[in-house]
Structures are given as structure tokens and as C-alpha cells.
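The same chain A turns up in both complexes below, where it pairs with chain B and then with chain C.
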Partner chain A sequence: MLRIVAALLVTFTLAAETGGELRFCLRTEPKTFNPLLVEDESSETIRYLTAGVLVRLNRYTQELEGELASKWKVAENGRRIDFDLRTNVSFSDGTPFTCEDVAYTIRQLMDPALHSPTGDAFRSAPGAMESKCTGTSSVMARFPGAVAALAAQFDQVGILSARSARKESAVLGPFMVGEYKAGSYIQLRRNPNYWKHDASGKKLPYLDSIRLEIQQNRELELLRFRRNQLDLVNKLDPEMYDRLAAEMPKSVIDAGPSLDWEVVFFNQVATSPLPDYKRQWFRSDAFRRAISEAINREDICRVVYRGHARPAIGPASVSNHFWLNASLKPAAYSVPSALTRLERDGFHRSGDTLLDRAGHKVEFSMITNAGNKLHERTLALIQQDLSKLGIQLNVVVLDFPSLIERISRSFNYESVLMAITNVDLDPNSQMNIWVSSADNHQWNPAQKTPETPWEAEMDKLMQAQNAAQDLNQRKAYFDRVQAIVWERAPVLFLVNPNALAAVSSNVKNVTPATLRPQIYWNAERLTIGGTLVSQR
Partner chain B sequence: MKRAQNIALILLGLVAAASLFAGVLASSSYSEQFRDSLSAMPSTRFPLGTDELGRDRFARLLYGTRVSLLLAPAAALLSTLIAALVGGTAGYLGGKWERAVTSGIDLFLSLPWLFLLLTVRALLPLNTSPVTSVIITFLLLGCLGWATPARIVRAGTRTLVHSDYLVQARANGVSGIRLFWRHLLPNLRPILLAQFWISVPVFILSEANLGLLGLGVSEPLPSWGAMLRELENYTAILHNPWMLAPAALLVVVVCCLQLVLRTEDGIPC
Partner chain C sequence: MLLRQMRRILLIALIGGLLGATLVRMGPGFGIDEREMDNRLNSESRQAIRSERATENNIGVFYLRYLAGLARGDFGFSRSLNRPVSQLLKERLPLTLVSLAFGVLGGASTGLLLALLTVWWRAPGSDVVPAVLSGVCLALPAAVIALIFLWMGAGGRWAIALAVFPHVYRYAKNLLAATYQSPHVVAAQAKGLRGARVLFAHVFTPAAPQLAALAGIAVSLAFGASIPIEVICDTPGVGQLAWQAALDRDLPLLVTITVLVALMTLVVNSVADLALAAWRPAR
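== the complex of A and B ==
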């Protein structure tokens, strides 16, 4: 009898450790299953869970780790990379993985006809690229120009099969697309040929399947989580987090500050339809610094984000351990200092109103996207903070397309509060923000030549960090960029919101990270309802 | 009936007086944020507690009453007048006019007004004051809210046109315009009043929803609609039932107005 019970217990434990289905929601329909064409968050989730990559950035340690490549070497000042590949690896359809697959994928990635968004990071200069096998299990790729953080860029490159008939269904990741019902759900099944094993030799992934429900409504998502119909909610807003924390305190996770920013910037475009005197305010370093000092970031974190945010310092989040310039601190809140700065710049108070040198009342509008409660509340706080300086701030909420049209085409705006999503630790992904000729140099985009000496210096520094191969040298360049942004305040960094999530107690081996995808970054090691199999 | 009307009148007077003397009754400004008293419970300092930004709910309710009590009925009046004119004329004239107007109403109702509202917001200057913004919002609501009432008015007019007293008036040689203004419109009054009362709360709630499009009452000006948006968070209501104050006030005011404008036999005047 005892033997039967013991056998049953063993069977139960094994089943619990290795089986099960993880269920969570995608907010939108994925636009593609082709890993090279991924642009949206839902497609990126599918790619992360299904595509095999040569190297993977460990979201927890922020270190680069070999996946399908056991070794790699960057040469020719970041133009060339050589990979040694793992052997005895097969695609989900049984086709063997060879160096030809890698060479084929890189050629596809760089094919101008494909317009791969992932490939943009590798197109640093015009010219031809080369990719070929250099041995039975080694491959090289040479790009037309130096690519910063070349190896790390391969974290986003899902390897395609060169020989499979249905290339998109042959994958090297832990899961493969099993069933897809448009508008309803996607079911990912375990890849039976996945190459990884855990420390005890057991095949990964532990889960049998992942069910991704397509659900836009956040309230419904939360309700389904409460009813145990979902196992995790990967991104929560602070209000939902607190609500859930009150009901199910053990299921909520605050992973700390994310890489995302909430920022304010002023319109400095020379051709914008703003009165000259307003453009002069916005182009004044002292004015922008004063506004930055007058905004109480701690209050925004406490009041708007309910404590689930950290005052932002600059282009590197406080959770970006390597790239953050540790000598910088968030702009200190000080109304007297802001007033002194403004007075030195020719502004003066008349009663409760701030006037500029020519006697114009300092009044401007700040736009933000409609329907975002966090932004609306942040603006209400900024409005009261600036009133202490005698500045009248007019809050304007616009639908998102109108907002984008104003800040990127007509330039008919004065200042804007917006969220910027950042998924990459490496500053190279911010080239399009800090280089003055870039379209996303939002406060004054697409400059033919840098309009200010400090923008010229930032251009040089960003190009230098892009070209340098020594990591410490690159950091030194980017540290200086962060210092310039702090001193000149072209963008006022307000807060880094925390990565908030909810996970059912049924899900084991969860190790929350601040980088996306925060909860399921180690999906191959997650289990449902079992005991902890291994921690990473 | 008279007693109920008197009570309603007193209540309405109290609400109006309270909103007029908001500056005296409320201990703080509607926009001042007490950031150390976020979502506070009711107290002598804050009789209805504070909102999530630490603003005095009581002060915001009183000042919001000014905005909503003045502008929502004004917008409802505008839409009812347009409905009376369009629906009444169509019903009275009949024939091809009626068909043309009915088709026009159907077309108007089928148009995607959301995009018009987005365009209006996009065209407004960015430095529009909160007061101007709220007036434009209610003006738009008044101008766009007439179509459904116009259908009902048209149907009501068709019934009245064939009534004995109108037939007799017409037989006695009463002119068409006089018939319309003196005999038809007064008899449409119950329908028009019903449409007016329906429109008031609808417009108050519409103003709250327009906030999602960037129209409506902008910060820091309060309105009932903006305060009602807070009720989306149902768990907060369970813990802070005083958040229902603007909804309760809306119900009380609409009921009182209905009572006050009723005649002795219970029919709205």
C-alpha cells in the first residue's frame, strides 16, 4: 500500500514539474510570425518564445550568453563577427541546424527587399555585406560598416531554416506555434527538438504549452487573472497593481525601475509657428533647467505612480547598471534655485506672474496623449509646481495621431509630456534621439548642421561611441553625453516607471527582471503548479 | 404635489446658492493639491475627502456644479430648440419635406461625429483657457445632440397635425405660421420637456467621455462629468462611498427640476 502511495506521489511530482500550460494575454494581434519582420510588441513576444538566437542577453544579469553559438569573436573594428555553432541541434521540424542556416538568415536580414526592421541596426554604412560558412560549424558575417555592440544585436535575430519548406514553422526556440485563431488566441507548443537541458539533464522547456489570449481590455485581463483563468499579467499600471496587491499580495511583483522614461521637451524648431519670444524661452538653457528644477519628481513618483517609479536622471535608467553615469543625480527640486536661474536669464516676477525681459507673461501649453490617466495626473502636478514660479501652464490632451502630427510634422506645439519606451540597454539604440540630424531628435529634429555647440559635441560623442569597440571607451563617451543632457536639459527626464507584474502562485521558477519580457524571460524554465526545479 | 415642488425648489435653491458661494463654503481652492493628504477620508477640513491628487472634493463639487448646472441645461436647451424646429417643421409640412428631413436626420445620425470632434480639438488653439474649452464643448454637444429628439418631435407633430382642434383652426382660416407657433408648438411641450430632461444628464456624462478625446473640461477646472470619471474605479467606490456625491447630486438636481416644472395634474408644464 505504502509503495502504491509513494509511486503515486512520485508520478504526481514529475507531472507537476514538467507539464502544464502557461496562460497570459497579448494586448494586440501579432502582425507577423517572421522573426526578421518583427515591429510590434505581440510579434516580439512570439519571436522571443519561438525563435532560436545565436546569443541572448540574460535579462536578469544583463550579461550576454551563448545560445546557438558556443563562442563568438568580433573583429575588424566591429565590422566582422565569427560564430562557433553548437552541434547536434535540429529545428522543430527535424531539419538539422547548420552554418548555412545562419548565413542564410543574415543574408535575409540584410536583404533590402525584405525591409527587416531588425536589420536596420546592422546597416551602419552603404555597401555590400558578406556571410558564409567558414567550417562545418562556424560562420562569419562582414557588414559594410562598424556595428556598435555587434554581438548583442544578434539577441534580436531569430535564425531561419535555409532548407525547410515552411520556414516560419521551423524554429529553434523552446516553443513553436501550434494553433492560431485570429483575434482570439495563439497556442505555442513545446518544441520537441529544443536543444537545451537543465542541470540534471532533463529536456527543456518544462511547460507543455503557452496559451496567449488576445485581449485589449486591461480590466478584463485583470478579472481573468483574479479568476485564475490567466497565470500572469506582464505589465500592470500602478493603480491596478495596488488594487491587486490589496486582494492578492503574494501575486504582485514590483521588479524595480524599468528602462522606460516619462519625459518633457520643448519645441526648439526654428521654423515652427511659435512667436519668437516663446522660441527664445524654449531655446534658453536656463529656462529649461529652471523648469526642470521646479518639477517635484519625488511627488510624481509618490502621487501619480503610487511609489512605483524612480526619479529619472537621464538617457540611462537607474536599472541600466553598466551604462548609467553614476556621477549624475536626478535634478533636485528647488523653487528658489529655479527662480534665481530665471532672474539671471532676464525673467522677473510681477505679483504672482512671471514675465520675460520684454514683459511677456510666461504662459505655455503642454500636450499629452488623451486617455492616459498617469500623464493627465502628472500634468496636473506640473501645473501646480510651475504656478509657484508664476508660470501658467495650459494642459492640453490630444488624441495620439494629432499629438504625433504636431511634434513630428507641423511642429505646432510648445511642450510635450510623453512616454518613451526603451528596450535596449546599449546606447547605440539611442542614436536616433541624440544625433542632431536624426528625425527623432525630437526638440529640434533633422538639423542640417548642429545648431548649438553642445549638440555638435553630442553628435561627435555618439558617433565615437558607435565606432569604438572598447566597451569602457564607449561608456566614457556615453557618460559625457549623459552629462551634457543633464546640463543642457533639452529633454527633462521625469521618472522611470517600475516594471509591475502579477504572477499566479502556480507559476514556479519566476525570476522577475527589469528588462522585457520581465516575467517570462526564462520561459523555458517556468513550471506550473510543481515544485521549484531549478533557479537561475 | 405643491409641497413636493416646494421642497424641490428649496433644494435647487440650496444647490445653486452653494455653488455661487463656493468660495465661502469651501475651505480651499478647487485646484490646490494637498499632496500629503491623498485620497483622504472626509473630515472637518475636507467634508468629502480628497481626490487622488489631494484636492478637496467638496470644493471641486461646488465649483463643478457651476459648470455643469449652467452649461449642460444650456446645451440641452439648444439641442431641444433645434429638434423642435427641424422635427416640428418636418411633421407639420409633411410630404416631401418630411421625407427629406427624415433622410437628413438618418444621415446625420450615421455620420462619424467622433472624427469631427477630433478635428475640432485639433483646430483649437493650444492655449485655449479651460473656460473657453468647456463652453465650446457644450456648444458642440448642443449642436450635435438634436437628431434623435427631432425624430420623436416629428412623430409627435404628425399625430397633432390631424387633431380636431388643428383641423378646426385651419378651417377657420388661421395662417400656417400662427398655427405652428400658437397651436402646435405649445402642445408639443411635454415631448420637448421630456427630451430636454433626458439630454441634461446625457450631456453631463458626454462631457466626461469627451475628456478621453482631449475635449471637455481641462485641468484644473472641475465638472460633474470629470468627477464622475473617477467612478470607473469600482473598488475605490467600495472603500470611499463619498465618491458617489457628484452622481447623487446629479440625480437630486434632475429629479428636483422635473418636480418643479410639473403642473398640478402631474404633467410637465
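== the complex of A and C ==
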């Protein structure tokens, strides 16, 4: 119902009032303006606002829409894609957009020396790729192996000009980089050659410019928002959200559970410097399930996230409408059930202490990254929950590089609590987490052969979903992966934090989405201080 | 003489920078790149990232490469910010230099002025207000001073001045008070000299060399304070850069900033020494 109302709202056309400057913050300095080399969040923001793409995932409807491509067709079992391109489109510097630009961009993207995360998503098998014009306004690309959700991957590919002397400064998106003062701000100006028009024929974008202040300090960002020096805060933590809600209730937005995860996992690496008995605990399915059951996720949502989070189920967030395995529910909180599970696995209570079969006291540490208040509070709750089982949890806070070193190089840790940012709806982006040979199979990475039967099954299922072209077939495979993760608990999914934001009442046409970038995903249609204008 | 002094300064600064590099190299988390956690990267790309960082693993080789680059005017490349170090310094150094100048001059002159007034006045309780003020500033970490200034909406450069002020005030006051007790001052007062003439001719002038030695320390103090202040006030200067470099274990950037700070401190000290040497014969 809400969707219908929203759809009606967005199609409703009123008199357009355009112009103005939208101001918000980037948390770090962007590392690159080259759309093919984007790795960090700030560069991603610049790419989203400036780069033209062939297809765009609508962040609200979660459906693919044509942008520079008017039509596309996937063939050869996901190895080949053909695009029909829009005509009479120019880059920001006036250079005409042609099929050569698309072919050139894809060739650049697939250059093995580039090591682009965007490019790696297309590299599912070794071998050469091909990209060429097939007509004056059509182009094809053939990849060495089948690429799951091939068309959707192009949402991340900003098209470069093959001929412009301005290189990546020539863009096809709604805005272009106008001014950059290092460490201070980036001003994006309206692209005068942007090809899109609204329903009334008015040129997009409505805004004249976007000023991106580089502001690392979140308190300062909030202060500036309160002082009306900023128009939006795209990401708020729950405490800031509640503070702002008390002062300016109309400005805050809770868009619901995001795709991000807060997770715990245990070190199961065979070569790690852990005592054997601890490794045995961590490799026991019953032990991990018991810990999962003993953690009160509702409490974490209520106390730590102040109600702005949802207990997580597994690899697909509840916001991931299509891919979520709806038959699964978050692990139920039950201390008696956890104790029973542990007792069946040879653990027993001695007074207030849990002992394993050999009489070792069950005590382990959990590391997390320093400076994250939410994690520190979550750990305090987990510590309290596990003490009910007789388990002593020691909290260790490390800075992020030290934490990464421990979980990916030295494997000198027992368990870890960390946040995982998920930017993609499609499970293919999680290949490197669930496939046992991958480096980011964090609990036991880079296995030569799967060490457990269920990991072998997950490997097959992930490969199968990658190769299958039928979406429902892929979903069936990934549903099973989610079920295995739920049953075996290699990763304990705690919560999906909500996407929280703040928007000034001056900004119109805001349609918050749970996918990034939640507030400005429709930046070309946002206006400042005007009335509602057409969204289509 | 000047050339020898410059050579000495350069050598000390380089040794300081390279020792700093050794400490960073030995610290936990060195050589780790956050990009390795990007789930989209395949194993070849992840390996390539590790290989990039591996060139810094051998600290001896890093020293040689860094020094060779330095000889060509190349300060290296910041991997964490994906830009040449020289470009980063060029963008950010002017802002920090202005802040440091404000901070050092403001803090030192306030401290010195209050010290002179306290010593000159010498009435009971005359030093209570400056003592409390300097005590509070000394007790408050630079980060807290920065937060107060942020709340007031004032610039970070004044926060640097407040971080420098108590050190200068306390040292200068003790020094001037001790000089006031010197036999030559007592003799001058016994001969009937009073007030400003005693203070400036017989107290301040003999203490000047030791006060001048404060200049170098004040620069180090100001830069140390500028790191949390720039981070909290979000000032895009070298202090903020140093913080980011430390968090990211960005070796070329950290070494260059360390060398730079050592150079600034030594140069200011040397300038103070030279100025005093030039002033003395003229007296």
C-alpha cells in the first residue's frame, strides 16, 4: 500500500522550482575520481553523482532501469551482454557519447593490471574478454566466464570517454566535479550536457550544485546540520538519531534495516596459534549454535541500537526482498536450550563455570575495533549473556589495522565482533565470503579443499548460483546456502542496523531507501526549498 | 659555520624520521591494507595489494629508497590517500604553518607577558589568576581544549595557543623570578634602580637566552597539540594528515612528517640561537 502511495506521489507532477545547492558531508577524502578504481565510500559517492552508467539499480524499487542503455540482452549463459545505447548524448565537455566509449570502458575495466573491485566482479574465470561495437549505437561484451546478474553489475561501471582529452573529468552523470579543495570540500556542478529530462520536459538535474564537505568528525557534522549549514546527513548512529529526533523530529528518517551486518565469528583456522581444545570448541557446530542462542539479539537492538536495528537472520537482510530465505527466522534467544546443546557436546557446569569435556574452563576473548561505541556496548551485553552459561568472555579492543592483521594474517585471535558493509543485493558479491577457498572466508580462509562437508556443499551451491541464469534457480541455491549458515553458524549474524539519516525540510523529493546512497540516490531530482516536482 | 649548522640539522632530522619509520614498521598492523577486506576483490587483486605493501616490509630497503627519492625531491607516495606525499604537504602545510604561527606567537607572547607582569608586580596573590589559568590549560588535554573551542565555534589555532601558553608561562615565570633573586639584581635595586629598568635590563636580558631556547620546544608543543586539535576541529592541515598516516601505518607520509617537524624544531632553535648571537655583540 505504502509503495502504491509513494509511486503515486513520485509520478505526480507539480510546478518545478529548480536551482540551489545541496550540502552534505563526506567522511573521508576520496581516493580517486576514476570511476573504475573506486574502492572507498567517498569515491563511490563521487562516482554515483557524476558517472553515467548503462543501467541503474533503482534503490527504492530494487529494480534495474536503463540509463545510457535503452535495452540490453544477456546471452551465452551469462557470458555475453548486448546493449542498445541512447543517441544524441554527450559528455560534460561536449564530446559525443558513442559505442566506442562503452567498449573502451569495458576493456579498461577488465585490464588485469588495474585490480579494480568493480572489474573483479566480472572476472569469474581466467581468459580473455572481448568488447566491440556491433552497430552505430550498439555494443557487446563477452566475458571469459558466466557472470551472475551480469546486467546489474553495470550499475557500478561509470562510462569513460575514449576520445576526450579531459579523461575521467568528462562525465555522463548529472553532476561534474567543479572545484576540489583538498581536505576541505568538493563542489559538484550541474552537467550542462546531461541527457535526462523530467516528465514535463525540463532538463535534469534540478540542483545547480552539490557541495560535499570533507568532515571526519560526526559530532561536527551534526552540529553543522543543526545550524542549517548542511542539508542532509546520509548516515547517523542511533544515539545521534535520537538526539536529533528530540530536537528536530521532522528532520530524521529511519529507512528500516540496511543490508549491513553486525557479526561474530570464531577462529577455526587449523594453523592458528590457539590451544587445540579451544580450536575444538570453535569448530563444534553445537558450541557455535549454543553461543548464538545465548545472545539476546532483541536486547542488542533495544539497548545498543535504541530500537533502530532488527535481529539478523543470515546473509540476506530482511530488506533484501528477493534474496531473503523467508523460511528462516533469527536464532531464538534461549539460555536453557543453549545449555542443553552444550551438555550434549560434552560441556558441563561446575558451579558458575562452564567446563569442557577435559575440564578446561570455557573462557575466550572477543576482539573488536577501537572507537566503535556500538561494538563496545554490544560486547558488554554479549559478555553478560554468556556469563549466564558460565562462559567468561574477555573483551579486547584493537585499532582496525591490528584487527585485520589478526583475522587475516597471524590468525592470533579467538573470536571477533565486526561490522560488514554490504552494498549489493545480489549474493554473487558474497562469493568471497562463502566459498571455502576464498581469502575472505574469514573463520577459516583459503582452504585447499573444503574442511567440512557443509562447506563443500556451500562451495557447490555458490558456484551453481553463479553459473545459473534463471533467477529463481539461483534463489533456490542461495536459499540453501542461507539455511546451511543458519544451521552451522560459522558466522553469528547479530543485527541489521537500520539506515538512519537526517534531511532538512528544505530538501524536496526525498524518497529514502535502504540501499546506499539512501537519501541522495535520486540526486538529479532533488530540489532545495522548492515544491514537489516530477520524479519520473 | 652556517653550512655546518644546516648539515647538522638535516642529519638529525633524517635520523629522527628514519627512527620514527622503524617504530612504525615494528608496530602491530603494519603492512595491512583495509582494501584486503573488500569482498569484491579476487585473490589476484588481493595478492597485488599485499605485494604493493611488501616493498615497505624491509626497513633497510625502505630507508635507501626513501633517501634516494628524497635526493630527487620525491617524498614518496601515500597509499592511504592515493597521492604523492609532496602534493599532500603542499596542500596542507600552509594552513598548519599559519595555525602554528598563531599558536606559538599567541601562546608564547601571552605566557611571557603574564610571567613578566607577575614577576614585576610581585604583590601577594598577584600570580593566582595566571597560575590557575595555566594550571587548567596544562591539565586539560589538547583534545579537550579543541572540543571547548569547537563548541564555542572558535578556530583551532587559538586552541593551539592555549596548549602552548602554560608551558611558556610557567617556565618564564620561574626563570624570571629566579633571576630577580640574583646578586646583580639585588645590587641594582640597592643602588636605587626600580621598576621597568630592573625588569628589562637586569632580569629579562640575562634570562633571554634561556627564554629563546623555549622557541623550539614551543614549536614541538604546538605541532603535538595541532594533531588532536586539527582532527577534532576537522582542519585539513598536516596535524590531521599525521593522524591519518598513523592510523593507516602510511610509512612514507609518517617519515616525511616526522622529518618535517624535526626540521621545524631545529630550524627555530637555530634561528633563535643565531638571533641571540647577533644581538649579544651589539649590547
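In this text, the second predicted complex is superposed on the first by the 518 of 536 C-alpha atoms of A that agree within 3 Å, B and C clash if a C-alpha of one lies under 4 Å from a C-alpha of the other, contacts with A are read in each partner's own complex, and residues count from 1 in each chain.
Just so it is clear, contacts are C-beta pairs under 8 Å (C-beta built on N, C-alpha and C of every residue); 3 or more make two chains touch, one makes a residue touch a chain.
Note that the coordinates shown come from a computational prediction; the quantities given were computed from them, not determined experimentally.
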Task: Partners on chain A (chain B, chain C) - clash or fit - done: fit
Open item on the list: Is A:L220 touching anything from chain B or chain C once the two structures are fitted on A? First, second, both or neither.
Closed with: second
Open item on the list: Just to be sure I read the superposition right, which of the two partners does A:S184 touch: chain B = first, chain C = second, or both, or neither?
Closed with: second
Task: chain B versus chain C as contact partner of A:Q430, first or second or both or neither - done: second
TODO: In the overlay, answer first, second, both or neither for which of chain B and chain C A:T61 touches.
DONE: neither
Open item on the list: If we overlay the two complexes on their shared chain A, which of chain B and chain C does A:E414 touch? Say first, second, both or neither.
Closed with: first
TODO: With both structures superposed, pick whichever of chain B and chain C touches the larger number of chain A residues.
DONE: C
Open item on the list: For A:V397, using the defined touch cut-off, is the partner it touches chain B, chain C, both, or neither? Pick first, second, both or neither.
Closed with: first
- [ ] Could you tell me if A:D439 is touching chain B, chain C, both of them or neither one (first, second, both, neither)?
- [x] second
Open item on the list: With both complexes superposed on chain A, which partner does A:E376 reach: first (chain B), second (chain C), both or neither?
Closed with: first
- [ ] Could you grab the smallest C-alpha gap between chain B and chain C in the overlay, to the nearest Å?
- [x] 6
Open item on the list: Going by the contact definition given at the top, which residues of chain A touch chain B in one complex and chain C in the other?
Closed with: 398-399, 402, 405
Task: chain A-facing residues of chain C, complex - done: 28-32, 34-46, 48-49, 81-82, 88, 91-92, 150, 231-234, 236-237, 240-241, 247-249
Task: Residues on chain A engaged by chain B in the complex (per definition of touch) - done: 239, 243, 246, 299, 302-303, 363-365, 367, 370-371, 376-377, 379-381, 383-384, 394-399, 402, 405, 412-414
Task: Complex interface listing, chain A residues touching chain C - done: 29, 31-32, 39, 112, 115-118, 120-121, 123, 181-184, 214-217, 220, 223, 398-405, 408-409, 420, 429-433, 438-440
Task: Complex interface listing, chain B residues touching chain A - done: 31-33, 35, 38, 52-54, 118, 121-122, 126-130, 211-214, 218-220, 233, 235
